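Sharing a structure below in structure tokens format, with a few things to ask.
Residue numbering begins at 1 within each chain, and the chains themselves are lettered A, B, C and D in the order written.
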Amino acid sequence: MPEWMTVALWIAAAVVLATIALGLVRVERGPSNGDRMLAAQLLGTGAVAVLLLLARAADAPALLDVALVLALLASVAGAVFVRRLGVQPVQRGQDRTAEDGP
Amino acid sequence: MSLGLLYGLAGIALVAMGLYAALAARHVLRRLLGLNVLGSGVFMMLVALASRTTEIAGRPDPVPHAMVLTGIVVAVSATALALALLRRMHRHDDSARLPEDRLP
Amino acid sequence: MAAEVHALDFVLVVLLLWLGWRALASADLFKAVVQFIVFGLLVSLAWVRLGAPDVALAEAAIGAGLAGALLLDTLARLGRKGATDEVRPLGLTPARAGIALASLGLVILLVASVLALPESWPGLTAPALQQLGASGVTNPVTATLLNYRGYDTLLEIGVLLLAVLGVWILDAEAALPAAPADPMLSLLLRVLLPLTVAAAGYLLWVGAHAPGGAFQGAALLAAGGVLWHLARPLSLPASRPVRAAVVLGFAVFLGVGVATAVFGGGFLTFPPAYAGAVILLIEAAAMVSIAVIMVALFVGRPAQGTK
Amino acid sequence: MTGEDVRSALSLTLIGAGIAFFLAGSIGVLRLPDLLSRLHALTKADNLGLGLVVLGLTLQADDAFQVVRLLLVWLLVLFASSVACYLVAHSATHANGEPTPTVGPDNPSMDKRDGR
């Protein structure tokens, strides 16, 4: 593998990580809990991409197994969320709940 | 700056955040999140310090790795037990806070 | 694994610290839990960067599977009122100033100690690698877990047993209102369950010579069990086979320890000729046990007799 | 310019295109107005972004087992994210037994729907 390829892959991994960090803004803003869960899903996919790129850049094929585990479990949190909580409609000022604050 | 130092310092910051939240928060779930972040910070310090052997011995120290692996599994099962206790308290008292943290 | 610091590391550390803080300080507890799940995802990337793929596998399987599932399930059972917290849950008040100061003091102490340590040192890597030939496996982390520090791992499985006993001792929880069966969830289960079982077996086998092992496989199996419970609710503590599976790992591990103490060189001292086979036996039993225990921790103790 | 170089360049182009889709998906999740259109943006990042990255990396794989694992990862993410997105969308539209999409805080229709 040429040297410039390794450098390019490291940069690509950093860029993917920075890109999916945008999704964190959606986790922060919501507004509904479905939006937050969804953004977490995007971050999971991004983490898989970062792992695949690192596996090549650092020549560590074991990282493919880590990516495989993440890919297998990518739907578990979403499934638990839907079964247990479900998307709840947004209420005004839900971000500032103070019903039983001190 | 070496990789071990960067992540070691990050681990310390996580320890401090987790400790503060575990002690200062009132909601038990938040205290548990604090303890988990505290644990992640400790694990990160251990693994970061383990990476310092790479230069001399050719690979990170496997002993801290094994300890952290054990620690992660123990942490999640302890969290599961604590969450079960939290739900039990909530069933009986209808509150997710410890008695001394409840409003009069 | 390359040891130099890349731009990726700075991005990762910044995200980790920000997410760690938001997971603790977000007023909305659901938001905090989602942020904690994402935090776990990024922590496993950090393990990868630090050259600890074994740890990364375990973190990925537990963080993406069991940990998030447990937290979301608890949030659902607390209901809207129970899951509501104050607006500034960690805001600095006079009462908390002492805690903040103590945390700050700890930071100063820890930073000073970390900076005082040498930049590189031999550690235990060389002895661990030297003994590898006699350990029965070629992955030094598996060798440490199952051979060099077998006591740790035996007692770890003991801790898991105690945790599940603790959950079973508590009084039964009312079953959540049954959601209607969803065909897509059944499809998810039908596709993912065989794959998680296959992947867990692969990790168990590959753990002897590459990153992987019983804990990673068990966490993966447990996530499959969580999916199963979601699609078709299980009732775990009632049945005898479940109790047998829960103690299997500890019993086999302890049995091997006693056998080596009586017939061999001492408690949990494996004869090098059989070490590989013995480790595989213990790991297989431990994987089944840990997986069942983790699923039992998620299922809890549902009310008996009610629908 | 050898065949090796051409392959590397092609691989990098594919990875770059994948990153572009990740960026588009992230911006979509960030900027689009409601949950369902954000879901739509998200699936682009999952399907095409990761797909192109995987395709680019398969060109550089050392052996067939790596190629199999790379493709398996992509298929799994494709499946998992499709099902998870379906489940979330289903939950959003049928929360009250009627197909009312969850909307942002500036839309008055959300106030008609109560808690859980």
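Following the convention adopted for this analysis, a residue touches a chain if its C-beta (ideal position, glycine included) is under 8 Å from a C-beta of that chain, and two chains touch if they have at least 3 such contacts.
Here the structure is a predicted model, which is why all the values come from computation and not from measurement.
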Furthest chain, CA centroid comparison against subunit B: D
Between A-D and B-C, the pair with more C-beta contacts: B-C
Where subunit A and subunit C are represented by their mean Cα positions, the distance between them in whole Å: 19
Separation of mean Cα positions, subunit D and subunit A [Å, integer]: 11
For subunit C, residues contacting two or more additional chains: 1, 49, 75, 85-86, 185, 188, 192, 195
Residues of subunit D whose C-beta touches two or more other chains: 76, 79-80, 83, 87, 90, 115-116
Sequence positions of subunit B contacting 2 or more other chains: 26
Of all residues in subunit C, those that touch subunit D in their complex: 80, 182, 184-185, 187-188, 191-192, 195
For the subunit C and subunit A complex, residues of the former touching the latter: 1-2, 6-8, 11-12, 15, 18-19, 22, 26-28, 30-31, 34-35, 37-38, 41-42, 44-45, 48-49, 53, 56-57, 60-61, 64-65, 68-69, 72-73, 75-76, 81, 84-87, 176, 179, 185, 188, 192, 195-196, 199, 203, 206, 210-212, 216, 220, 223, 226-227, 230
Residues of subunit C that touch subunit B when the two form their complex: 1, 3-5, 9-10, 13, 16-17, 20-21, 23-25, 29, 32-33, 36, 39-40, 43, 46-47, 49-52, 54-55, 58-59, 62, 66-67, 70-71, 74-75, 77-78, 82-83, 85-86, 89-90, 96, 99-100, 102-104, 106-107, 110-111, 114, 117-126, 128-129, 140-141, 143-145, 148-149, 152-153, 156, 159-160, 163-164, 166-167, 170-171, 173, 213, 215, 219, 290, 293-294, 297-298, 300
For the subunit B and subunit C complex, residues of the former touching the latter: 1-10, 12-21, 23-27, 29-30, 33-34, 36-37, 40-41, 43-45, 47-63, 65-70, 72-74, 76-81, 83-88, 90-91, 94-96
Residues of subunit D touching subunit A in the complex: 4-5, 8, 11-12, 15-16, 18-19, 22-23, 25-27, 29-30, 35, 38-39, 42, 45-46, 49-50, 53-54, 57, 60, 62, 66, 69-70, 72-74, 76-77, 79-81, 83-85, 87-88, 90-92, 95, 102-105, 110-111, 113-116
